[in-house]
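Shared between the two complexes below is chain A, which has chain B as its partner in the first and chain C in the second.
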Partner chain A sequence: MNMMIDPNTDRKAWMGLLAKACAADLARYWERFGAMPDHVLLRAPEIGGVMVRGRAGAVGAAFNLGEMTVTRCSVKLADGAVGHAYVQGRDKDKALQAALIDALMQTAAAPQIEARILAPLRDTIAAVKATRAAKAAATKVEFFTMMRGED
Partner chain B sequence: MYVAVKGGEKAIDNAHAWLAEERRGDTAVAALSVAQIRQQLALAVNRVMAEGSLYDPDLAALAIKQARGDLIEAIFLIRAYRTTLPRFGGSAPVDTDAMVCDRRVSATFKDAPGGQVLGPTFDYTHRLLDFKLAADGEVPAVPQAPIQTAPTPHIMSFLDREDLIQSEPVGPETPPDLTRTPLELPADRALRLQALTRGDEGFILGMAYSTQRGYARNHAFVAELRIGAVAVEMDIPELGFAIEIGEVTLTECETVNQFQGSKTQPPQFTRGYGLVFGMTERKAISMALVDRALRWKELGEDNLGAPAQDEEFVLYHADNIQATGFLEHIKLPHYVDFQSELELIRKLRREAQTMQEAAQ
Partner chain C sequence: MQVTALEGGFGNAPIDSAHAFRGVMNAMARPGTIHDLAGATPPAPLSVAAGVVLLTLCDPDTPVFLAPSRDTQALRDWITFHTGAPFSGPDQAVFAVGAWDELPLTSFPIGTSQYPDRSTTLIVELPALDNTGATLRGPGIAESAQLSLPDLAPLQGNATLFPLGLDFMFTCQSRLAALPRTTKVS
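For the complex of A and B:
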């Protein structure tokens, strides 16, 4: 196991969060954040597909399971920071907002973005997951061993 | 043979206008929203995503609405849309070991680590119509319990540790794709699994059932069935590393099947595999059974001549869009075709009559 620390860990985490975030939630926090930074579009929001793969028997050879919709976008801020986004679904606003946030996270605005956009998104997703997991846990079977005849 | 004919435009326009009105139904009844379909007909949405081969619940719900609930027509719409999308790339194989399970059951080990988690299942319901649903939409609060933090390892991994289960061979990182290259036979397992996961649920179910009834019987146990969300990760060229680009809900079924062995190899169980978009349990189990039946050659079994062992029969007839396309085209105008048949039969009858008269 490679013990080197991945320098991209933080960026992977926020990009992954933005990819999975609900578009309406992201739009709400983005609007509340209130700043539309000066930027140029390196790649206008574009809708496409990604082929999702699985493994035969979960561990064997890769196979194509089917596609999912993804929207991507790239921006460059006035200060030169470049932001990318690959987000699930077909929402072009979500992709643009995610790319701008990715760029802003490389600037001095990062703590603000983290506190006012990323943290609430993370909390929302965690709460939804926790509720589902708690409901699943309640359906776990507790077996009772019946008295055996031979004793 | 087809001949270009003109005419019918007005009739077609009017038919489509009527279709739109019939789709809407009685306007005294509230219109169905796409969100309602996505939320309340979720299993129909899942089937359309699985067989449409595109994970997008909103699009699948829209397709169901447009198709008036005809799921094969909805799948057709999704397949057509899918072809318009530029392909950004292929994901890393999803890690189903890390699945956050809504449901996870095993028919082989009662006390498997992680336990038997039933999830929102139809199992154990009495299949009696619930007239309360016709009256109101109220549901009681769902019980919750402390969340399990222990991992839920694949049950196959325990059998694998003891070497009791046949190991899965690895393959190329970029598997063959039947949406890019026409399916040719013999197909490797990656292609077969792709064809099965997007195949018609009814067809795959029927094929799977045939193996249970004795056609290439291989006696499957459901070692594990799990349903839940997994992250999808893809390498992003402009970044130079992989990120998560979304999350999909999948159903995975692993079967453990009759063992095989020889003088040199001790006996080992064999396996079948099903993995399908959405909560699609019947399809995933069926897929695993058919996958296992189709593996007869690589597992050194006899060809018993069973339909489920016949890869050409299974793979070329599993796709409901191909099937319905060819089937339904026969209702379209074949006027010239039929005219020539008509000419021919009249001629043959004339000749037969002439010969009969000559003989008298």
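For the complex of A and C:
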């Protein structure tokens, strides 16, 4: 049994959250956070495409699901922390904000970022997901059989 | 991955690479002229000019061969981060980087008669580069030009392969000169 613990689990989680977050929400929370840290762009935000692959039922051979547009960005803060971002869509500001947040999460500012940006984002995404699931659930049709005529 | 591998790319990629491309194009079109390239700072021991050429011309479809003196992990990381180019042996390489003595000239592809473009472009790092020494004649040169080439015989042999053959770029710090396969050296 593989007992390896991935040291990047937390970072994967917040990078995934930033990749999927709505650009307007992220911009609002980032603005409210207020601080624009000193940084240099290692890779300016650039738009490209990636092939999304999937496995039916999470098993079997991977197949190409389709292409999606992503924007990527890499920054370095004044204290040397490097942040990367790959976000969905073509919003360059979002990619830059996500990269800065990734870098800041590796510094002492992490608890603040977590509380003021990541937690609200997580709540927003969970709320959207719950709303959509409830809407879908409302359209569910229950089939039942009065009598099967077996006996 | 070290931070140094992430730094030193083009600050403004569209503009910087367009300037660099024009420099490379002019160097190729007028063999023997020396051009200054700038915009990138690759990790040692690669020269600035060679780094700029790689950033401008390489992408995931162009395998790069690094000669032993340039084959460091820092440089590999730098090329991977900034261009995504894969690394290969000399027989698959589209670009090759190294000092003159360590590039196996006979191992590189020279193209085929159907596809003479499927040959390697060699980026040769020289300790000095100036307009003295060997005489160049051919397309793009009005009368003749002079360039401090590292050797004559292999380059003369390369010109006789036309339309096949290798193309050379000579770099020294930020300076670049080129010697396409059409140029006759003496």
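Observations on the structure shown:
Operating definition for what follows: the second predicted complex is superposed on the first by the 135 of 151 C-alpha atoms of A that agree within 3 Å, B and C clash if a C-alpha of one lies under 4 Å from a C-alpha of the other, contacts with A are read in each partner's own complex, and residues count from 1 in each chain.
Here, contacts are C-beta pairs under 8 Å (C-beta built on N, C-alpha and C of every residue); 3 or more make two chains touch, one makes a residue touch a chain.
Bear in mind that the values here come from a model prediction, so they are computed numbers and not experimental data.
Following the overlay on chain A, a side-by-side fit with no clash is recorded for the pair chain B and chain C.
By the touch criterion defined above, A:44 reaches chain C but does not reach chain B.
Centres of mass aside, this uses C-alpha centres: at chain A, the angle toward chain B and chain C in the superposed model is 80 degrees, to the nearest 10. Using the contact criterion defined above for the overlaid structures, shared-chain residue A:15 touches chain B, although it does not reach chain C. Of the two partner chains placed by the overlay, only chain B lies in contact with A:62; chain C stays clear of it. Within the superposed three-chain model, A:27 lies out of touch with both chain B and chain C [touch as defined at top]. The partner of chain A that touches more of its residues, comparing chain B with chain C, is B.
Using the contact criterion defined above for the overlaid structures, shared-chain residue A:74 touches chain B and also reaches chain C. When the two structures are aligned on the shared chain, A:110 is found in touch with neither chain B nor chain C.
Minimum Cα-Cα distance between chain B and chain C in the superposed model: 7 Å.
The contact surfaces that chain B and chain C form on chain A in the two complexes overlap at residues 46, 74.
Residues 3, 6-7, 9, 11-13, 81-82 of chain C are the ones that touch chain A when the two sit in their complex. Contact residues on chain B toward chain A in their complex (touch as defined above): 49-50, 53-56, 58-59, 82, 85-94, 96-97, 100-103, 110-111, 115-120, 142-148, 154, 156, 168-179, 188-191, 193-194, 197-198, 231-232, 234, 236, 238-239, 241-248, 250, 252, 254, 271, 273, 275, 277. Listed in rising order, the residues of chain A touching chain B in the complex are 6, 8, 11-12, 15-16, 19-20, 46-70, 72, 74, 84, 86-90, 129-141, 143.
On the side of chain A, the complex with chain C involves touching residues 40-44, 46, 74, 76, 80, 82.
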